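Contents: one structure, followed by commentary.
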Amino acid sequence: GGGDSGSEDGGDDKLVLGFSQVGAESGWRTANTKSIQESAAAAGIELKFSDAQGKQENQISAIRSFITQKVDVIAFSPVVVSGWDAVLKEAKDAGIPVILTDRAVDSQDTSLYASFIGSDFVEEGKKAGEWLAKEYEGKSEPVNIVELQGTTGSAPALDRQKGFADVIAGNPNLKIVKSQTGDFKRADGKTVMETFLQSTPDIDVLYAHNDDMGLGAIEAIEAAGKKPGTDIKIITVDAVKDGMTALADGKINFIVECSPLLGPQLMELAKKVDAGETVEKRVLTKETTFTQEQAKTELPNRQY
Amino acid sequence: MTTVDMTPVTEKGAPTNPRRRVYRPNAKYIPIIATLSLLMIMYSSGVANYENFGDPSVFVNLFRDNAVLLVVAVGMTFVILTGGIDLSVGAVISLTTVLTATLLKGGWPPLVVLPTVLALGALIGAGQGAVIHFFKVEPFIATLAGLFLARGTALTINQESIPIRDEMWKAISEYRIVLAEGVVTKPIAVVALLAVLIAAVTLAWTRFGRNVYAIGGNADSALLMGLPVGRTKIAVYTLSGFCAALGGVLFSINSTSGWALQGNGLELDAIAACVIGGVLLTGGSGYVWGTLLGVLVTGLIQTIINFQGDLNSAWTRIIVGVLLFAFIVLQRLVTRKAR
Amino acid sequence: MGEQSPVLEMTGIRKVFPGVVALDGVDFRMFPGEVHALMGENGAGKSTLIKTLTGVYEIDGGEIRLGGVPVRISGPLQAQQAGVSTVYQEVNLCTNLSVAENIFIGREPRRFGKIQWGRMRRRAAELLARLDLDLDVSAPLSSYSLAIQQMVAIARAVDVEARVLILDEPTSSLDASEVEQLFRVMRQLKESGVAILFVSHFLDQIYEVSDRLTVLRNGQLIGEHRVEELSQVQLVEKMIGKELAALEDVEDKAQRNRERAAEATPVVEARGLGRTGAIAPYDLTIHEGEVVGLAGLLGSGRTELARLLFGADKADHGELTVSGKPVNLRNPQVAMKKGIAFSSENRRTEGIIGDLTVRENIILALQAARGWTRPIPRKKQDEIVDKYIKALQIRPADPERPVRNLSGGNQQKVLLARWLITEPKLLIIDEPTRGIDVGAKAEIQRLVAELSDGGMAVLFVSAELEEVLRLSHKIGVLRDRRLIEELENTAGVDADRIMQTIASGATS
Amino acid sequence: MSIFKNRLFWPAAILVVLLVINMFTSRQFVTVQDGHLFGTLIDILRNSAPLILVGLGMTLVISTGGIDLSVGSVMAISAAVACLLIQDLDDQNSVGPVLLIIGIAIVVSMLMGLWNGALVAIIGIQPIIATLILMVAGRGIAQLITDGQIINVQSGPYATIASGFFAALPVALLIAVAATALILLLTRRTALGLLLESVGGSPTASRLAGIGARRLTIMVYVVAGGLAGLAGLIYSANIKSADSISAGNLIELDAILAVVIGGTALVGGRFSIIGTVLGAVLIQTLAVTVVAIGIPSEANLLFKAVVVVALCLFQSPTLREKVFGRLTPRSAAGAEVTA
């Protein structure tokens, strides 16, 4: 049990959680940060928050700083899967349990962290692919798919691409004709889609690695005089409010949820870990998928 | 009919040799001294404000956490001193880490991998230097092309992050150097400090070092004075490439992995560290010691942010900006007064 | 001497710049142990010939032989290694480095690869002492005046073990005594068999040290002569291709105006104006139509005095009134508004802007005074610029050429033109005739006299005492950065009188 | 021969090559649809607008020997301010208030520029570090304004500045053209251009020529700030939302690249407005071409590297001389000597 850090107002028994966030690269991420900050306050946990600005070196030094500051539990969303062994070992040696959120690490020694809570990007890609495969089940004409990838080399981009490609490989009619990065950005989604539309005849489906790029692409499709959701079917990942609105409006056809709201679950885990209870090694965030109909009912409840 | 005032030229009475200009030998160190003092003030305020900040390991960790930046900034210092700029360092780091990880994964012996990647870094640097010198291409654009090339290559080799499981790498990564009770550091910090030391000696005591300053002062004059301008320029970029590769190796040791997006934007951090440390971007003026201080300043700012612990990303940026601003302006005012 | 074989032979040298044939089949040779003067008007091709020899420029034709062997010199480094040591016309040193380093960089004394700083400083001090200079050798070169920098460059060049020593206008901003020192060193080197190439626009100096001279005109070889064979008048004729007569005229004019100037209204009055560490507080009044000359030795503070009157440096003592009103010259802009103009002695770093064209450089100050919103109409620009290109014989007479491609003397003329067109009340010119050929020099002197006739006040700073004496109504004498005396330039005043004043350090 | 000597020949040539490639890959290069022009070319021109605007400001800043890293952050702030205010409008489609808000956003951006200019010209901080402060903190401020979220607006008039058409031409392009014309007028019809070039060419000489370098420098940063703000508005109007995190991210690099491609030296002095515009369009065309010919994401950078390397080698005077110089008679004479 911790408590040796002793924050001024909370007395000795207040749990101190050090959390290192990847960065603030999207609205999704901001919602994630907010969820963690709010639920920490609600759970009476003192949160030490650090933003790594997308850099692994920052994150490593933040974790080390948490060790120096003698926090009770460390949690972090790894920027990248590899390369955490050394710093995790340091935490272990200092007797501080670690929880991974949102993204996994590839350490062979799984005792280095207590638990991993978060979504599975490959799974998200698969869900998107499965919906598509079902949509075109039994049809024989070729389906032209264009893909808007996330930031080149980033874990979500790689995994969402992989999961999707794996599933649609089962149907030879489904073909990805163009695939290009839109850097997870709305503006880039728009410009890349403009070029797709110009250079690729007969696009049937757009698969975007996040809502923002999809929303940008919708602008481009509309400007080209086509109807998003009808002329071109659109699948995206995330299910942020803007995306859900578009889904409800019929401009997007299917969204795979990737929930940023893992704050409450994380706080619960942190308390358990600190108390020395055994916890599950892998906790999946509660996530689902949305069709246009589901979106209409869900939309009023969306906070982010 | 002369009406000449008799007040002495200098307030403290006429100098012994009236034709000798009043010159304080330490004038050129004033920026460094000012920076150092401000750094100390910043550190003390950290100690006063945050618990555990005074722990010696916080200070010692600065060197470990910023080892990569330090090594890269040292190389950058040479380049900037000649009046150039090297934007490719961050990308060279990523290429180095990816290549190291890939080669080690492929079963290459670590003692072959190490010189190979270092040589590759130097080679990239030399190539850029050659383009800059022989084809008179702006350093900015030549090294930007180098950036695209290096990171592009890294991405095509492997987009995913690759873990390093090599025993030697892991051993170095986990090796601890105990400085005192509870204060440990890592080999990478030692390597980084060694790099600073070697660079300082090179700049102050060798012909090459002085040529670097001369070229930065005035490249045309240096050429007319018969200095090997081309060779020195190429050497400087080679050195920077080498330092970047060394930084990449340290990076791969620190994180035991290789990834093509590693070191993104590090070039700007390195340039900023040099400039904060008083190296003039126009060339010819500054010291490696200044660069060291510059790196410590950025590291300390980061540490303060970490200790503050309740800043979201927006406030993190703003506070970093504010601290940087306060530091730079104070530094500027202090040195201006002292002159 | 004639029996010896030449140490350097250049034959049929050709160098073409876009639009200009700078050298057109020039032959040039030098023998060991001679001082060979290279003569010619501004833009004749002297510096270009030197630069082709030291490999700064690649030649477009011709051959160079050193010691009888054909060579291809690819750069200054190779030239140095081949035994050719050079002081270029524009001081080419690194002002961010210390004096000692500037002398030794590239050949620092080392042990085990480590530079021996102590030894280097000592040797630098010794070397400078040979030129009668006492400098703080560890101070950055930028803290010294241009003339000192020139001496440092010379010190650097003469220390190199060279077969050929090239001095391109080394004396352009030196005083008589420094020139004497230089000549002493040159003679020593000559004794030891070094061939010295010497460029200067001072004919007296040429006749004092040279054995032989080669004359260029418009990039062409006019002839090679032994100095004794040619009188000064003949030499000038060869250089400019016609006779020269304007000089005597000037003196009369200056004489004529002396009385009138004394009664005129003061343009500027400095009371106890000074700057700590630069120039002791001084009083100085300059009247309308008056030419005030400044005389003094190297580093005596002439430049520093002049800079205060323009706000180029800020005074920290005393006050200044311009046209009767007290002013605070915070910066040059204020001074310009008050009708003061200042042409710096350091044309390369404080004067011309190399990338800009001749036209742009000329109109710059006038334009700055008008502000950016009121551009000078292009037609008017062309008019003004053409007028001054003609008046000052700027060559090539192409206003759209980047000024960096002009020869040194022509750059100086451009700089003068810049200030003349602003029609100031007070014109401060620091070494305006630096590196300017005989013909143009006379032209400039005539111009200054004319302007002062027209009521302009002029502060004239020059290392050439004759020039100061010829033009000035009044002469301020400086010593050790202090204005020690003001002399009316009456009949009895001559160079000796001034040198005496300086030597005795009169303070009464 | 002289056409090859023009610095802008090679960027223009490469641009033409890229456009021709696009002509073949795109279904409509330029056509008329719904009464206005449409097609790849129009998309390129429209999407170049923000980069052109930022590039124009950057050119002016660079001409004085400075650099502005903060343009991306200023874009984000301007977009955030505009969208925040528009969101609160009762009627987002009324033109008057939207125009007013656009004006406010631009004024705010100019104030940001004023801050930069003051740091550079009054306090005397090196431009790269002075603007780095706002680069870091500015994005934090933008994030605060938008609360880290993307603010959506549904304003027709606002969207028009990015995707609307006027007289068959895209409004964004018209804005960029107007700004270019204005800057050209400002620099070439007044004496501003000359004075800026002179300040960049030699600050000391300019001071002694009586040029008020300080005021000019501040002005240039203010203009750069205003133009970046305008670029931010177009960027955000294009996606009808303010995205404080990605708006203008890394645009400073592209802008500097555009300036350098356009033939302006980074050390300051001579500058070319048209060159910058050409550079910006070239960069945008390159981005489009990468997508159009289906280069995989991971190889994007390599492709960019190839183009940049080719460009800088073609532009290099020495290489040009080696390739084309041999054809001229006088070099033939030179060859005869060396032979």
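In this document, chain identifiers A, B, C and D correspond to the written order of the chains, with residue numbering beginning at 1 in each.
Just so it is clear, contacts are C-beta pairs under 8 Å (C-beta built on N, C-alpha and C of every residue); 3 or more make two chains touch, one makes a residue touch a chain.
Chain identities (UniProt): B = Sugar ABC transporter permease YjfF; C = Sugar ABC transporter ATP-binding protein; D = ABC transporter permease.
Nothing here was measured: the structure is a model prediction, and the numbers come from that model.
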* **Distance-maximising chain from chain A - centres being C-alpha averages** => C
* Structure fact -> Between A-D and B-D, more C-beta pairs in contact link B-D
* Euclidean distance of C-alpha centroids - chain A vs chain C, Å -> 71
* Structure fact -> Taking each chain's mean CA coordinate, chain A and chain D (ABC transporter permease) are separated, in whole Å, by 33
* To do: Could you tell me the distance, in whole angstrom, between the mean C-alpha positions of chain B and chain D (ABC transporter permease)?
  => 29
* Structure fact -> In whole angstrom, the CA-centroid distance of chain A from chain B equals 35
* To do: List, in ascending order, every residue of chain D (ABC transporter permease) touching at least 2 other chains.
  => 143, 148, 298, 300
* Asked: Residues of chain C that touch two or more other chains: which are they?
  -> none
* Structure fact -> Where chain B touches two or more other chains simultaneously, the residues are 155, 159, 312-314, 316
* Structure fact -> Per the touch criterion, the pairs are A-B, A-D, B-C, B-D, C-D
* Structure fact -> As the complex stands, chain C meets chain D (ABC transporter permease) at residues 14, 16, 58-63, 72, 310, 312, 331-333, 335-336, 342, 344, 349-356, 360, 363-365, 367-376, 418
* Residue ranges of chain A in contact with chain D (ABC transporter permease) within the complex -> 24-27, 30-31, 33-34, 149, 152-153, 178-181, 183-188, 190-192, 194-196, 198-199, 201, 212, 215-216, 219, 223, 225, 242, 304
* To do: Spell out the part of chain B that touches chain D (ABC transporter permease) in their complex, as residue ranges.
  => 131, 134-138, 140-142, 144-146, 148-149, 151-153, 155-156, 159, 268, 271-272, 275-276, 280-282, 312-318, 320-322, 324-325, 328-329, 332-333, 336
* What residues of chain D (ABC transporter permease) sit close enough to touch chain B in their complex? -> 69, 119, 123-126, 128-130, 132-134, 136-141, 143-144, 148, 253, 256-257, 260-261, 265-267, 298-305, 308-309, 312-313, 315-319
* In the complex of these two chains, what residues of chain A are touching chain B? -> 5, 18, 21, 23-24, 30, 33, 37, 47-51, 53-58, 60-62, 64-66, 68-70, 80-86, 89, 106, 108, 151-155, 158
